[in-house]
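Can you read through this structure? Questions will come right after.
Naming follows writing order (A, B, C, D, E, F, G, H, I and J), and every chain is counted from residue 1.
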Amino acid sequence: MQFLVRMDVRLPHDMPQDVADDLRARERDRAHEIQRAGKWPELWRVVGRYANYSRFDVESGDELHELLSSLPLFPYMEIEVTALTRHPSKLD
Amino acid sequence: MQFLVRMDVRLPHDMPQDVADDLRARERDRAHEIQRAGKWPELWRVVGRYANYSRFDVESGDELHELLSSLPLFPYMEIEVTALTRHPSKLD
Amino acid sequence: MQFLVRMDVRLPHDMPQDVADDLRARERDRAHEIQRAGKWPELWRVVGRYANYSRFDVESGDELHELLSSLPLFPYMEIEVTALTRHPSKLD
Amino acid sequence: MQFLVRMDVRLPHDMPQDVADDLRARERDRAHEIQRAGKWPELWRVVGRYANYSRFDVESGDELHELLSSLPLFPYMEIEVTALTRHPSKLD
Amino acid sequence: MQFLVRMDVRLPHDMPQDVADDLRARERDRAHEIQRAGKWPELWRVVGRYANYSRFDVESGDELHELLSSLPLFPYMEIEVTALTRHPSKLD
Amino acid sequence: MQFLVRMDVRLPHDMPQDVADDLRARERDRAHEIQRAGKWPELWRVVGRYANYSRFDVESGDELHELLSSLPLFPYMEIEVTALTRHPSKLD
Amino acid sequence: MQFLVRMDVRLPHDMPQDVADDLRARERDRAHEIQRAGKWPELWRVVGRYANYSRFDVESGDELHELLSSLPLFPYMEIEVTALTRHPSKLD
Amino acid sequence: MQFLVRMDVRLPHDMPQDVADDLRARERDRAHEIQRAGKWPELWRVVGRYANYSRFDVESGDELHELLSSLPLFPYMEIEVTALTRHPSKLD
Amino acid sequence: MQFLVRMDVRLPHDMPQDVADDLRARERDRAHEIQRAGKWPELWRVVGRYANYSRFDVESGDELHELLSSLPLFPYMEIEVTALTRHPSKLD
Amino acid sequence: MQFLVRMDVRLPHDMPQDVADDLRARERDRAHEIQRAGKWPELWRVVGRYANYSRFDVESGDELHELLSSLPLFPYMEIEVTALTRHPSKLD
């Protein structure tokens, strides 16, 4: 199944720098893992924002929720999920 | 340049069926052309809606506007454009 | 997969009564078919509105889109889809 | 009476971990009690969010408010309530 | 059960005057009936709008939906329903 | 004059319990006073929220503002005021 | 009593020119009458819009509603009313 | 030039009482100065809110910004500015 | 004075092609006149929309309203005006 | 490529004055650099707000993101980006 996901990160301004740096490093590692598993084929930064638009290719909504909630930044993100389906005009 | 594009189609309810059919056929042909040119790598139907999320890969915003306004359904679409850039966690 | 679906129906005020009646009769028949197939376990009218909240139990987003777009009222509905997953506090 | 309820949880980022854990454990226990009483037949996690969509089957709005405000996370939730009624196309 | 109901009326501009007058006369009659039955204790016009805020005192959401959908202007109204419950600071 | 008033209370999460309890006790006392003066004939809790819908019966907007800003919880409330007038279909 | 009123006019595009002209002429006459009665001390066009911001000085919300609904353009306006009161920093 | 200005004040809840009192006293003094200079002819409290609607009569947008940003409460206000122009139905 | 102006054009779908063409030709001519007068230094199409963002350099809000309402497409545009002032970090 | 950018600055109220002053000084320096490089031809303060509307002239969305995220105030800004293209009525 395909889902479009928009994630907006909002770190509290009083989070210590090293805590934030550690979170971001672990976020990157986890993002790499999920990409390597072939589950996260599209990942783009939104220009001007600490946000991304992504496409996930997963078995189900259950798997998507597990992946998203495994991200270290999950507690600091506003996430919007849109279910996608094949478009009739899409070329193979 | 990469852009996320959301298109929502709203055909007037009193449009004659053959006019609508013709518009949609021409829309499909134009969509195929743009995909074959490598400019429209992602094209997905939003579940439950006459809408799509797309990614365009173009030279500039000028080119994107030319492509979008060349679509036969353009006068009947609400289009939202978001500029994208490379994400630091994206694997090559 | 489970999806929450909100559907708001907006029939044009100038639609002839018999066309509207026929649409609604065919909508009911199709809704019955989908329910009998076990795909539409929850279906509730929103108080005060020509709208419903539903839960669909389907194989995928693709199947959900096929079901929704097979509804005779589909061209007259504003549909909002939310992907659901198992809740950790849900009793079996 | 049937109500659709959407709950979004927002714990303050500076809440100590053990306080949050205790709140969540008590929330789960209370959710189980209400389910066992047959008042909370539908409970689903929204994919990508610390939120749920639920259906409550209660005697009245008064009872629904008592149940919701008895949840330990109540002070940290944004709750949206929609009154439901039988849908004419619903099969028995 | 108590419900706050906001109704906004939107008659199509091309509705013939006599049709509109007839609708409004029948709306008034039906509103009187429901008030006489003790179901509609509060009914106020919103200043500057063709809209009202009302409180209904009914057995259930099912009854409220029956009452609202029995109003002749129902197909032309945008209706918002809010479930109410006793306020702890309310004097008897 | 009649006004519909919606009040949403938002106490800061770090307010000490005894301060909050004291505020709420004084709020209740003041609410009783205003009701006894016949100025606050409708007061209802919104189901699922720390909020109320009220009707005030006052001499003027000036008096309404004085009453609302005399409430101990006033600094912690989001208040929405709607001016009402007699509805032509209202029975005496 | 003082009220801020925002009015947005939306004439249907298919209204015949002479009907629109007549409506506007009668609107102007009525606006003059109300101003001469001292009830409409502030009346300003919003730059770039067929809209105005006004202040009305009336006895009550009832009177305001009577004045607004007596305007010939009333059926074509979206009207937003805000109750005002004396500001403590206002010089006499 | 004439501008409608809406100002909503939001003081942080943890601001010490004397700091807030001092800010408000200085705000009042500055508001008096600007009124005495004839620049702030309309100033009204919004009923039920710590907010005002004002009309400023200034040379330019530059002057308006200077006046607004000279207000001691400026850092704590959400300000909305609307450019106004003479209304054709306004009596001299 | 400087103003940012956003204009969204919405032509009715049933406007005859020659009427629309004529409107657009006259719009272009008028836009050229205003630019030649030095009043409209910035004019940009929004990518994917029949809309523009513009900056006007005018004497006053009155002049801006006269210019905007002189545009042949004015009755078909949704216009949003934002007053601008010199930015302290702007280089001369 | 041309982009319209709206930036709203929100500094935390508890940021020490010298930290804020330092941030603002560095912001100004960086803004000057980008302007001198010819990338930021339009920069205007929004009247009444700690916000600006800007036009950037850059090679790509990638470059725009690099410029915006190099601003010292970036973590404290809400930024909205709109892609622009040549307007057919624009005079050379």
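List of remarks:
Here is the rule we go by: a contact is a pair of C-beta atoms (placed from the backbone, for glycine too) under 8 Å apart; a residue touches a chain by one contact, two chains touch by 3 or more.
In this text the structure is predicted, and so the values were computed from the model without any measurement.
The chains in contact with chain F as well as with chain I are G, H.
Between the contact lists of chain D and chain G, the overlap consists of E, F.
When the interfaces C-E and G-H are ranked by C-beta pairs in contact, the top one is G-H. In this structure chain I contacts its sequence twin chain J using mostly the same residue numbers, the overlap exceeding half. Chain centres here are C-alpha means, and the one lying farthest from chain F is B.
In this assembly, the C-alpha centroid of chain C lies 43 Å from the C-alpha centroid of chain G. Per-chain Cα centroids separate chain E from chain F by 23 Å. Each chain gets a centre from the mean of its Cα atoms; for chain D and chain I, those two points are 50 Å apart. Residue positions 2-3, 45, 47-48, 61, 64-65, 81-86 of chain J are each in touch with at least two other chains. Of all possible chain pairs, the ones that touch are A-B, A-C, A-D, A-J, B-C, B-I, B-J, C-D, C-E, D-E, D-F, E-F, E-G, F-G, F-H, G-H, G-I, H-I, H-J, I-J. Against chain D, in their complex, chain C makes its touches with residues 2, 4, 27-28, 31-32, 35-36, 42-48, 52-53, 55, 82-91.
If you check the complex, the residues on chain I that touch chain B are 13-14, 45, 47-50. Here chain F touches chain H in the complex through residues 3, 5, 12, 15, 61, 64-65, 68, 75-76, 79-81, going by the rule given at the top.
Chain D contributes residues 1-3, 60-62, 64-65, 81-86 to its touches with chain E in the complex.
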